[in-house]
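Chain lettering (A, B, C, D, E and F) follows the sequence in which the chains are written, and residue indices restart at 1 in each chain.
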Amino acid sequence: MATVEMIEYEKASPEVREVYDDIMATRNIDWVNNFWKVLAVQPELLRRTWNGVKEVMAPGAIDALTKEMLYVAVSVGNACKYCINSHTAAARKKGMSEAMLAELMAVVAMANQTNALANGFQIHLDDAFQNGGQTPE
Amino acid sequence: MATVEMIEYEKASPEVREVYDDIMATRNIDWVNNFWKVLAVQPELLRRTWNGVKEVMAPGAIDALTKEMLYVAVSVGNACKYCINSHTAAARKKGMSEAMLAELMAVVAMANQTNALANGFQIHLDDAFQNGGQTPE
Amino acid sequence: MATVEMIEYEKASPEVREVYDDIMATRNIDWVNNFWKVLAVQPELLRRTWNGVKEVMAPGAIDALTKEMLYVAVSVGNACKYCINSHTAAARKKGMSEAMLAELMAVVAMANQTNALANGFQIHLDDAFQNGGQTPE
Amino acid sequence: MATVEMIEYEKASPEVREVYDDIMATRNIDWVNNFWKVLAVQPELLRRTWNGVKEVMAPGAIDALTKEMLYVAVSVGNACKYCINSHTAAARKKGMSEAMLAELMAVVAMANQTNALANGFQIHLDDAFQNGGQTPE
Amino acid sequence: MATVEMIEYEKASPEVREVYDDIMATRNIDWVNNFWKVLAVQPELLRRTWNGVKEVMAPGAIDALTKEMLYVAVSVGNACKYCINSHTAAARKKGMSEAMLAELMAVVAMANQTNALANGFQIHLDDAFQNGGQTPE
Amino acid sequence: MATVEMIEYEKASPEVREVYDDIMATRNIDWVNNFWKVLAVQPELLRRTWNGVKEVMAPGAIDALTKEMLYVAVSVGNACKYCINSHTAAARKKGMSEAMLAELMAVVAMANQTNALANGFQIHLDDAFQNGGQTPE
């Protein structure tokens, strides 16, 4: 159980059901995962979060699978067990192979290693990297 | 300046120069960024880190640009100014458009938001997500 | 400068100006801070983020000043220089006294200390605290 | 179990019992939670931590419930399961309603989202926010 | 179970067995812990990580026990349950007494407390501490 | 400047001066660093924090230099610029050689790398590591 009670579809208000229906339709599945059943405690939080996730995770300049892998990378940094497992599952469903998962973790781990070195040694930023290497107009 | 003195090419030992040469050859550039000049304080640390980065960041099951964006995502989580700027610059060089950068940040930010909700509400992991949705043999 | 170019009001599209206008009207000020000028690189990101912040930070079950102090607490944990400074400024504007700021920091610091002890010693959760002490119906 | 043995009241030294007694008296309860039984492995650590928590969490310029919610916000950032659950329980006991808990999480999540954007885009601090908007004398 | 299948010695390729053998020989034990059995999903990741750990954790300018305690300190910060438990166990095996463990946690906790104060108050770095107090040649 | 005004010795109350005097006497120096001048905004916070640091950092089961290096390791994880620089300086003053600093960073970086792998792959804790390998009585 979570720190708040989960709202099951049967007990949900029309407002909450509408979001649940959209989640299931968008993902083409017939169930709603716990994350949303918990957010439903505050219907506006549920709606705002779902709309944000739906909009942000849709394929755009970056494809949907890459976005899912970025989500996993962030979740590792936050030590979020729920997030790591649910987004690894989602990435697999969107086509992440076992080789890709292994490389994803290798990159994330390497980044954490070099981040610690850069922060630990307080390395001064090279001029070429100022503003993310942004080219002036 | 960093917390240790940087080793410039001119003052570097042959062992360190060899790594510097490989960095410049691999990246097809004629300079070495501060990160490596600081690690050179311990030549084995320099060599091990460079070899790891070179191996991990090479295109494989995941392409080089996606790996660079994963690096940025991790660097944001670690609040590593050097890393965010240098890897954003590297991603741009590898073809990240401004639209991709904006979506990258939108995904990273959304992930941090939902991670906080999942951790904060201590949401119980759905059975379907156990072991990252790993399918048993 | 940031890693992307900031969009000034004069150069902004009608879509972006609408958000800028709402920010200034809601906050009763005549300028827009850098955070929003950077998000404007992706108008939907700007609109979604502003609408979220506006909705979440409005007084509700928790008053606006307390919400601002919670924002500062999170920002300290993320080592976000921009966020710590901007939300400390916002909290002061909403009435946070110097005594409150000092207590806020004392609480945040104490929480980080005891969090490290709980995680470090891997302390087992007491039955009374399961599910955040949630009382069963 | 934790990584060290917990000291039960019956087996505790007079020095440790004195702290346990103060915890129970201050909180008006008849039991001591695991956190303190683990710290008792080093009596000075127990005493110093308890005295700090007692002093910091007492109502002052900020009321006790707000302090407890700040504690939860920090605990989410540290992914501290023990802390999230125990302080959510404590906040509920001090009067946090379910609506307040939902808003607390919404604020914490929103703050993590915008923190990621500010750090990720490396946004330059506005002059008005320098030094937390501190007004010069 | 982990998010990927663990490779047991019996089913491992010669390449993986070679690393497993080196782990057992180096540590003078007759089993391999789960961490390595998971990394074996990508043999180069396994080899690179083990070689790095072996090299870094060997006694040098800093002794092996101190290195293990540093590992625990980092693991607490990352809320890594596996890491906290495995490295606390390793430190105990290398001679960490219960008094040392208690002091280790006290230092880590105190550092997290003062870090929050320094970041929270955005304290300006004293000249004497610039570049980590590095003495110019 | 910090987000609050620093209290210089000349303007400090007798209560604050007493702590400043103890800091200078304990460390055998004739100045007080900014950290304490900021905490002085709340004299009890100053006193409590100094007393805690003084007690925790004194040599005990773990020597003073090792404690200082643990402090640096934690500070890297918190991306605390002030803390990384001030404690690196303190460690150098207590005898940390350049070789030790390099090894310290190598260990911290390696720990961050393997922590990410353990969290990312959600590795199941081996029985031998339960409770930090604690041996039952």
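The definition used in the following text is that a residue touches a chain if its C-beta (ideal position, glycine included) is under 8 Å from a C-beta of that chain, and two chains touch if they have at least 3 such contacts.
Computed from a predicted structure; not experimentally measured.
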Quickly list, by label, the chains bordering both subunit B and subunit E.
A, C, D, F
More contacting C-beta pairs: D-F or C-F? The answer is D-F
Centre to centre, using CA atoms, which chain is the farthest one from subunit D?
B
What's the farthest chain from subunit F if centres are computed as the mean of the Cα atoms?
A
Working from the CA atoms, figure out how many degrees subunit D turns to land on subunit E, in steps of 5.
120
Could you work out how far the Cα centre of subunit B sits from that of subunit D, in whole Å?
33
Hey, how far is the Cα centre of subunit A from the one of subunit E, in Å?
27
Junction residues of subunit A, two or more chains touched
1-4, 49, 52, 74, 76-81, 84-85, 88, 99, 101-106, 108-117, 119-122, 130-132, 134
What residues of subunit E sit close enough to touch subunit A in their complex?
3-4, 41-42, 45, 49, 74, 78-80, 131-132
Which subunit D residues qualify as touching subunit A in the complex?
79, 84-85, 88, 98-99, 101-103, 105-106, 109, 116, 122
Which residues, counting only subunit D, touch subunit B once they are in their complex?
72, 76-77, 79, 81, 84-85, 104-105, 108-117, 119-122
Please output the residues of subunit C touching subunit A within their complex, sorted ascending.
1-5, 44, 48, 51-52, 55, 130-132, 134, 137
Residue set of subunit F touching subunit E in the complex reads 1-4, 31, 33-35, 38-39, 49, 52-53, 56-57, 60-62, 66-67, 69-71, 73-90, 92-93, 97, 99-104, 106-108, 110-126, 128-135
